[in-house]
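A, B, C and D label the chains in the order they appear, each numbered from 1.
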Amino acid sequence: MSIGVYYFGAVSLILIGLYAVLVKKNLLKILVGLSIMETGVNLLLISIGYIAGRSAPILSEGVGPNNAVDPIPQALVLTAIVIGVATTALALTVAINLYETYKTLNIEELRRLRG
Amino acid sequence: MNLQFASLLIALPLISAFFVPVIKTISRKAVMPFLVIITAVQTGIAAWVFEEVYTGGKPIIIMAGGFKPPVGINLYIGHFAALFVLIIAVAGFFMAVFSMKSIGVEPKDKYAMLFLLLMLGATGMISTGDIFNLFVFMEITAISAYALTAYNKTGEASEGAMKYIVLGGIGSSFFLVGIALIYGSLGTLNMAQIAQLAGNINPTVAQAALALLVFGLAVEAELFPLNAWAPDAYQAAPHPVTAMFSAFVVKAGLYAMVRIIYLLRDTQAFTGILRLVLILGTITVVIGELSALRQTNVKRMFAYSSIAQVGFMAVGFSLGTQAGASAGVFHMVNHAIVKALMFLAVGYVALELGGTSIEDFKGLGKKMPLTAFAITVGAISIIGIPMFNVFWSKIQLILAALKVGKTGVIALILGASLVEAVYYIRLIHTMWFESANGEKVKENFTLGVIMLLLVALIIVIGVFPNAAWNIAQKAAADLYNVSQYIKNVPLLPGVSP
Amino acid sequence: MVMKRALAILTILLIGYWIALALSHVPFGADKMLVGQYYLNHVKAQTGAVNAVTAVVVNYRGFDTLGEVTVLFIASTGVAALLWRKKRKRTAKTEGSVVLTTGSRLLFPFIVLFGGYIFIHGHLTPGGGFPGGATIATAFLMLYLAFSVYEIPHKGFEITEGLAGMGYVTVGLIGLAIGSYFLFDWIWQSWGWGHSNIGRLFSAGFIPVIYTIIGIKVGTELSGIVDSMVKEGGE
Amino acid sequence: MINELMIIIFAPLLAGVLAWIFDVKGIREGVAIIGAAVPLAYLIQAYQTLASQPSIQYSIVLSGFKFEFILYHLSWVFAMIAGVVGFAAVLGMVSTAKDSYEWLFALMSLTGVYGVFLADDLISFFIFWEIMTFASFMMVLKYNRKASLKYFLLSVLGAYAMLIAIGIIYAKVGAFDFTSVQRVFYQDAMRSVMGSDTLFSRNELLLIFGLFLTAFGVKAGTFPLHVWAPDAYSETNQSYTAMFSGVLSKAGVYGMLVIYILLGTRLMYEFGNIGAAPKFGYVIAFLGGITIIVGGLLAALQEDIRKLFAYSSISQIGYILVGIGVGTALSIEAAIYHAISHALFKGLFFLIVATIIHRTGKTQFKDMGGLAEKMPVTFAMAFVAILSLAGIPPLVGFASKWLIFEAVIHQNMPILGGMLFFGSAIGFVYLIRFTYAVWFGQRPTELDDTKDAPLPLAIAMGILALLNVVFGIAPGIVAGELNKIFGKEIIQGTIWELNLGFGRYNGLFITIWLVVGILIAAVIYFLGAKVRRVPVTDTYQAGNPVTMDYNLTIRRNFFLPLKETLAFWLRMSFDRLYQDIGSWVEDLAETLRHYIYNGNVQAYAWYLAAILIILALWGV
């Protein structure tokens, strides 16, 4: 089994993010973890679109259809990034509201709803 | 009429949502009526689409930008999507009317926008024919759901939303990894083409991809234990939003999950994942029902009940036969009607009496007879009494399970119905036969009409299930029959390996 | 706690191994294109864009982009809705230094101009509506950092945001009316404008139009989010 | 033209809905009586039709299912039970029903019962079964949540058991109608005799049998599924209980007969016979026997008049089950005969109880006494009912019990015979208490101005009492109808006489002797020495001072010694077992819920990770 360094990096980022979500007690750190996961996923997507030896899919100045990389993952990543930004913004907002109400961001204490 | 006009289903809520800021500057009071009008128009369009699809018998393929799939993204409004788009529109319309009365927290214009976009997201999830577009619509649904859950700005609302965000975030990240794997193996994102080429995927990749996709969608579809956010979010969200969650948001997630599983049926992982979904569905039912058993907050009780019903649907789909899928779809429809009614009624009670704890329901039969009647009918229906709609879907589920020899499912339904009977009858008794002080509330006419409409629908389907069952069967065939699905999508001939 | 960490590490290692195992069958750097190759082959003729990514984003996968715009719109709306208080004002204690304030004033128009450049040239160069809009939002963020009392014109921004969104959908609907497909590139395909201009600014059909709309929208949205988050509520 | 079967089935429901809508006192009662009378009239009319043709059939296709109904001799007999007792109960409810709610559901349950008796396919059978259950449940729910819940849970258990059985049958047979199902099982039986492969394996057959037995056992109140009955029967309108116990429990009995009709041949061939009785029937018969004893003993120990009759009702159903279980033509006829007589006398009993409660508001023995003077009409009715239940000729109770005895003894089944005999004895035990504690002895002063039964109740009781007497004196009327079911003269004799070949019973003869005896007694009474009123004192004391904690009078803890003797057995209560299981499940659910949904989002994230690990392990 061999995976490239980009794959390795991407998967590592995902896992590091997951680790933060699973272990950290501070809500903000968990959100950071989520962001790291998203970044990892984006990196993975973009690396999947890479084709060795080819350049960016801007078809001018000597770049033809046969020596450009796959444009789709790049478009996908663009979308995924924006979605990640949106999620993060909203999550931070909710965190602000939570902090204003309970004066804490420790997830062990944010447990009013249960059972 | 040009069938491409069905794309208005997506365009209308979107343009209307963008129009809300303009409306707001003209008149703040006009925002909520505007919402009602738009949802009504949306219902009209959905009804037209439904009619076209069911009389024409052919799905409507909407090609964005005029590019044929797999080059362009296509929407696939087949029998299933047409049915559910209609359900979404109708439920959205009812809840918009309810929102006019029940939403007191500012800023209402933002609420209206998010409301429309939640509808849009679910509509898109159900109708899209592209797997990454599915992800986008899923995120639209999820993010507007996050925002709406936290909309009341209380501590509980924020907490519920936070749980939803964290779990939803993990789910969507892994879902995207799944998409990456699929794309990496096939070079296409179109669902029909993926189904066509599914056999070519390396088994290891197929297993991981399918597992990750199902994992991501199961969070939205509320399968245990990925549903831990659900009770909290249901409880904390504004009442109309809770009703929408239960009526169509969760169903959209479930639909997407089932669609993807069926699309990848040529892969070796197919039977394994079906078994997994069956197990998860079973546990979902068990845990959901048991958790509802001694719940003192009625809204939360209904939330758990809703989760358990979703488990039934998952079980139906995971039987892997067309009969099972039909039963699942039928149960989806029936449950959407019943739960829309019940959450509407509960929300209305909370609005009038100030809370959703069981204490508030004492003597409801005297205080708000119509609402109590509506809840009673809904409860009886969910328990599975004949002549009410859910009975038929439970029967069909039993028959489907029998056909594949899974007698355990029958025991599951039996046990679940027993537990449902316990907690719903407790509630019914509390409502009608326990006295409490309090004035009789003058019930809102419009909401009364809506509740009676839904009650009538429950009973009509209960007495004449045939029409609804036929529709459900067609919808299920659309979902189950993948080769027909591939045939229906006009794939561009040149683009294939 | 140690147990939990150990367990977490074990978990992520296992999951990581599983994903890596699957990825090893999706070789890195190999040509896996199917639809992608079609895009590369036909992008110039079909859309007039040189930047294939842009063409994919706006033309071929228009629904995605529409959804993407929507997601950002939801975020800005959601943030505004959740941080809505009766009275909200800025609570920054100190004004920025003279260097900062003057520099900001000077730089502001150039940053906005650069953002505009990015989204208008989306079909030619890397970039497009989203980066352009983000750049514009940075300009406003800078103003927030520099001045303790600065606020964006909310109403105007909100309406601009809405109108821009409507504009996008309207462009799509015009496509439906003219070319009978939603998001149909009527400027390029029906009217045939700019066919001789490929590689220059006035080409690529409605891509620049949409990217302008998106740029404006993203700029106002992100600025709005910044505004909502910077201000603190008081009763 | 609306079919008469549909009118029979739906007239009560229509009346109930009308009564519910026009919630005006007077009108709703009138509508309800009409609703109960119309089916009865049609049934009586149908008797003529059935004399010339074997059956009246009707089928309707609704929502893809073909619903079939049939009226033939067996269903006619059961429908008549429902008609007569239902009508009487409705009359009784005119006096006791409090609001339109009760009218709606009481009449709805009558519709359900008619539907069950007339159904000719499994789906309509099931649907009407559920309507009946649901309506009766609503009647109980109004009075007592706990009792209704217990009733409903067991009913749901039964309903789903039936549903699953129906499902299994449908999956293989492909049809729901009784004729096809019966044919398939008959062919199966033939195949198994030939030794070739059967459609239903032995285990499946056993499963179907067990499921049906559970379903019908619940409704009939068979041990150990009887636990709902005492509470449900006692915690509702007592006039309605006349129907509930008299008619609805017969649906369970009818269900047992349906087992015979559908599966009988196959079961018989598969599991064999003992003598002339099928082995599988033994299960039913012995459950019936245990039910007799358990119901009877518990009835004796009750302090509440409603509970006493509720347990008594369970005990009597046991007789019917024994008759059915023995499985010979004679015993089944005897069982149906007892179903008729049980409906008549137990309906009467519950109407009497309804009258007592209506007039006094009391339900406990300790609050009663000496009512015979104040309520002579009711007492006369009670007299008939007591004699009938106790099985004293010439009332109908004797005729049917005698037939069951004969049928059982004829098959040489001493154990069952003993159980039956024990049941009769224990019947005397609890009836003594009812007779004496309620009607005789000292009357509490607060009951001094008790009035007699209101007119509707009196009429209702009169009808049932009359039939008790008539069918007792002329048992041949009933026997003649029962013979038609089997199409041959199983019980011979005249209208006045039952002749089994190895025993005979002549109602008229005994009546004449009884009348003569009473006349002689009267002559002696009036000509005899001066009658002296004796104050009632307790005879238990025997000169010892009475302590309050062991104060046994006929109105208070009368059978305490019996209770102490049985203490060991009473501890083993199925009711309590079920309750323990229930609360255990609820506690488990509580713990589980708090443990799983613990509110910590990190824990939830771990759940996700766990699922990922499972997916990974499955993949790797």
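Keep this in mind: a residue touches a chain if its C-beta (ideal position, glycine included) is under 8 Å from a C-beta of that chain, and two chains touch if they have at least 3 such contacts.
Owing to the predicted nature of the structure, the values given are computational and were not obtained by experimental measurement.
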| task | Give me the ID of the chain with the smallest distance between its Cα centroid and the all-protein Cα centroid. | result | B
| Higher-contact pair (C-beta pairs counted), B-D versus C-D | B-D
| query | Per the centroid of Cα atoms for each chain, what is the distance between chain B and chain D, given in Å? | reply | 45
| field | Centroid distance [mean C-alpha coordinates] between chain D and chain C, Å | value | 75
| query | So what's the Cα centroid distance for chain A and chain C, whole Å? | reply | 16
| field | Inter-chain centre distance, chain B versus chain C - centres from mean C-alpha coordinates, in Å | value | 30
| remark: Where chain B touches two or more other chains simultaneously, the residues are 132, 136, 139, 143, 146-147, 150, 153, 158, 162-163, 166, 170, 177, 183-184, 187, 189, 204, 207-208, 212, 231-232, 291
| message | Residues of chain A that contact two or more other chains, please. | response | 14, 18, 21-22, 30, 44, 48, 70, 72, 76, 79, 83, 86-87, 90, 93-94, 97, 110-115
| task | Give the residues of chain D that touch two or more other chains, as numbers and ranges in rising order. | result | 593, 597, 599, 601, 605, 609, 612, 615-616, 619
| message | Going by the contact rule set out above, which residues of chain A touch chain C in the complex? | response | 1-4, 6-8, 11-12, 14-16, 18-19, 22-23, 44, 47-52, 56-60, 65-66, 68, 70-72, 74-76, 78-79, 81-83, 85-87, 89-90, 92-94, 96-97, 100
| Quick one: in the complex, what on chain B touches chain A? | 132, 136, 139, 143, 146-147, 150, 153-156, 158-163, 165-166, 169-170, 172-173, 176-177, 179-180, 183-184, 187, 189, 231-232, 235-236, 291
| field | Residues on chain C engaged by chain D in the complex (per definition of touch) | value | 8, 11, 14-15, 17-18, 21-22
| Partner chain A, residues of chain D touching it in the complex | 593-594, 597-602, 605-606, 609
| said: For a test of understanding, state which residues of chain B touch chain D in their complex under the given definition. | reply: 162-163, 166-167, 170-171, 174, 204, 207-208, 211-212, 215, 218-219, 225-226, 228-229, 231-232, 269, 272, 276, 287, 290-291, 293-294, 380, 383, 385-387, 395, 398-399, 402-403, 407, 410, 413-414, 417-418, 421-422, 425-426, 428-429, 432-433, 463-466, 469
